[in-house]
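Next up is a structure, given as structure tokens.
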Amino acid sequence: MAINKKVANVEEACKGIKSGMTLMLGGFGLCGIPENSIAELVKMGVNELTCISNNAGVDDFGLGLLLQGKQIKKMISSYVGENDEFERQMLSGELEVDLIPQGSLAERCRAAGAGIPAFFTPAGYGTEVQGRKEVRMFKGKPHILETALEADFAIVKAWKGDSSGNLIFKATAKNFNPLMAMAGKITIAEVEELVPLGELDPNEIHTPGIFVQRVFQGAKYEKRIEQRTTQPKA
Amino acid sequence: MAINKKVANVEEACKGIKSGMTLMLGGFGLCGIPENSIAELVKMGVNELTCISNNAGVDDFGLGLLLQGKQIKKMISSYVGENDEFERQMLSGELEVDLIPQGSLAERCRAAGAGIPAFFTPAGYGTEVQGRKEVRMFKGKPHILETALEADFAIVKAWKGDSSGNLIFKATAKNFNPLMAMAGKITIAEVEELVPLGELDPNEIHTPGIFVQRVFQGAKYEKRIEQRTTQPKA
Amino acid sequence: MLDKNGIAKRIAQELQHGYYVNLGIGIPTLVANYIPEGIEVEFQSENGILGMGPFPEEGDEDADLINAGKQTITAMPGAAYFDSATSFAMIRGRHVQLTVLGAMEIAQNGDIANWKIPGRMVKGMGGAMDLVASAENIIVAMMHTNKRGESKLLEKCSLPLTGVGCVKKVVTNLAVMEIRDNGFYLVERAPGVSIDEIVDATDGRLIVPGDNIPEMEI
Amino acid sequence: MLDKNGIAKRIAQELQHGYYVNLGIGIPTLVANYIPEGIEVEFQSENGILGMGPFPEEGDEDADLINAGKQTITAMPGAAYFDSATSFAMIRGRHVQLTVLGAMEIAQNGDIANWKIPGRMVKGMGGAMDLVASAENIIVAMMHTNKRGESKLLEKCSLPLTGVGCVKKVVTNLAVMEIRDNGFYLVERAPGVSIDEIVDATDGRLIVPGDNIPEMEI
């Protein structure tokens, strides 16, 4: 009786994504990003996109690939420091950029998914982020009103998933993925492993399937490491 | 290097709870309630308590035990329909009662734990719940402003826990427990099984230990069923 | 005239493929027994489960696995458990496509009252206020009249409201009605029930579009 | 005068038993190497881990396990992973007891700027605005002057702010200072550094309480 969200491949998953749309993309740095779907967006050639993503990838991976092709009109992010092409497009004015505190970004995604149109947070008070937002004191401390952040499509990456759209993330690859999954009008989940229905323990599911409209197993994952830091073997 | 939150027993866990305090207690109906701690509160004889809990137990179990001893001055709940003594005390005016929509109750607990002092929700607009709360339109739909709900102590019940305060709940016994764990100035977690540090998979933890100040293994659990509904064996 | 199971059967016809559905306590719970063949739906219970299954076999009850009516249940393959904030995120965020719940009174503008009788019965609203304020599609399942024979379909609710102008459809033992143009728009009659009987049992404004109101097929 | 490791060592003395600590990128990260003996602390990284451990041994790197600086890390026994909303719930909700972060400028009233140089460098604030707006206890770890030899301790920040009046303590290569009475209140000198050197390197109002400012013991 479970609702089947399984689609055959990334082409089918990304059907309906059009130029000018607002997309949310999960991941922190290059960790937990929907690699297959990003590649498909490059292939589709959709442009004038507004992309909501904590980071903008690096020059030749992640959202950097969409920046190279000038497919992105506007980025809504919290930190974009690892991408020269990004910085160039932003400083030249080719790219519109809305920088948002990371916690506010996460909470605004969750809020959209949770039917909370607005909430107060102390983050950004007295800074450029405050802008014209309403300020209100709570317990003697100033807070600003932040609103829910919605998207036409949310594209997330999980470790395991089932046909009903239930998702389990791995370690810190979870990050923004469960929140963006809640916020998309249509949520696409690409997973490393699509397991048979009933195999995931209902107690261990991070994103219940109700938040996911399409799920598919990614063809392969590079899972590039941005900063490989190690210590010598003991 | 993990921080040790383990206390020897329920007496030690409940130390510092005083008459007149505000307590949050996890559980939905009798499912996932902190049985050991409630018994201890009865034994301690603290009274004039404000209890935030979705339900008020039944006459002879759960928070009903505190009601019997008239230890509760005020209840903040969403549904109290299974308790005659409760109804009697409320209608007679002995007990103050603040009824809150279940979703707003959950979100207000989470908000307290998350440093969100207030948020807008559509629930309760145009009803007694609205009262003097601020009303604001979002996308043409009226919403009311709800504030965070804090407590001196939050008392939750989990299935498994470790000495660092990490918790895993079982099935629908999760309910309000993870949210209240976030909201308490001091959070007490009683668990069915306290496992050695490192035994819980960091990927399967529902409540990270940072939200928990004291953890102990409950002596025994009755886990009473409120509505035993079954079907004949096939 | 329908019995409670008949009301549930009729409402089950409103289920559509891919729906996530929240069923309230009482008659709504029975809807799960009549899912039309060939469609996939999943039931959400607001205490924290998606993919709710039938009652367990005797001896298999689990105190940790209940529904919002505090009844022991089972989980279907593909089920998921979650906390109450996530549960109401699903509801408030409109991820649940259909809510079916009972009511004490419904007004012709879609107001609903089902949580309190001042001075006499105060059980609380539970999740009902969140559900009715949020769901796009709300069907009320109830008897047309109360135990004293008084109509539950009114011009204006006399009891404290649960939600304002939110009900879209009402299915009773006598009729199916939609809330339209500030009235109860009669869509179907229960088997063997005449228009006059429905008119008599309805205190609010009943809109009867012609004499050929079809009889339900259930 | 201290090097970066010296600054980290001095800040590590501020750690107290039972603290949850968030360490920013750069010098703050080094603090984890100098935890005083006999105390239990846990490190939170805002991308979603509590109980962060040291870098993995060569060959054990996991692309799915990184810190907020995008570096590969390990998890200690008792660690937990969580999503970004939960992570900032910990931060905003004041469950993290101490935040250590770097800065480009600090003003004598506790303002901090560390995310943007208009027209030249715009990396974004990441989690810094949430951290500084929320933490009860914020220590800034930085060099006293910038690469051009200009003081980073100012009367007023010239760069766009990250947070207002939030810094409590500053530890530099020259000194430990508390923000008090709208000034940098000198608490300790770095080994071998004179009061005059600190005065010279500080553009904002430096409060020197007497001639006997103790030297750090590190």
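The letters A, B, C and D name the chains in turn, as written, and every chain counts its residues from 1.
Methods note: contacts are C-beta pairs under 8 Å (C-beta built on N, C-alpha and C of every residue); 3 or more make two chains touch, one makes a residue touch a chain.
Because the structure is a prediction, the values reported are computed rather than measured.
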Between B-D and A-D, more C-beta pairs in contact link A-D
Determine the centre-to-centre distance between chain A and chain C, using the mean Cα coordinates as centres, and give it in whole Å. 36
Distance from chain C to chain B - Cα centre to Cα centre, in angstrom: 28
Chain C: which residues touch two or more other chains? 49, 75, 81-82, 85, 88, 91-92, 134
Indicate the residues of chain B shared as contacts by at least two other chains. 107, 110, 114-116, 121-122, 169-171, 202-203
Show me, using the given definition of touch, all chain pairs that touch one another. A-B, A-C, A-D, B-C, B-D
Residue ranges of chain C touching chain B (in the complex, touch as defined): 45-49, 54-73, 75, 81-85, 87-88, 91-92, 116, 119-120, 122-130, 133-134, 160-164
For the chain B and chain C complex, residues of the former touching the latter: 28-32, 54, 77-82, 87, 90-91, 97, 99, 101-107, 109-110, 121-129, 159, 169-179, 206, 223-234
Contacts from chain B onto chain D in the complex sit at residues 1-4, 110, 112-116, 162-164, 166, 182, 197-198, 200, 202-203, 205, 208-211
Residue ranges of chain C touching chain A (in the complex, touch as defined): 18, 20, 35, 40-42, 44, 49-51, 75-82, 85-86, 88-96, 134
In the complex formed with chain B, which residues of chain A make contact? 107, 111, 114-122, 136, 138-139, 143, 147, 168-171, 202-204
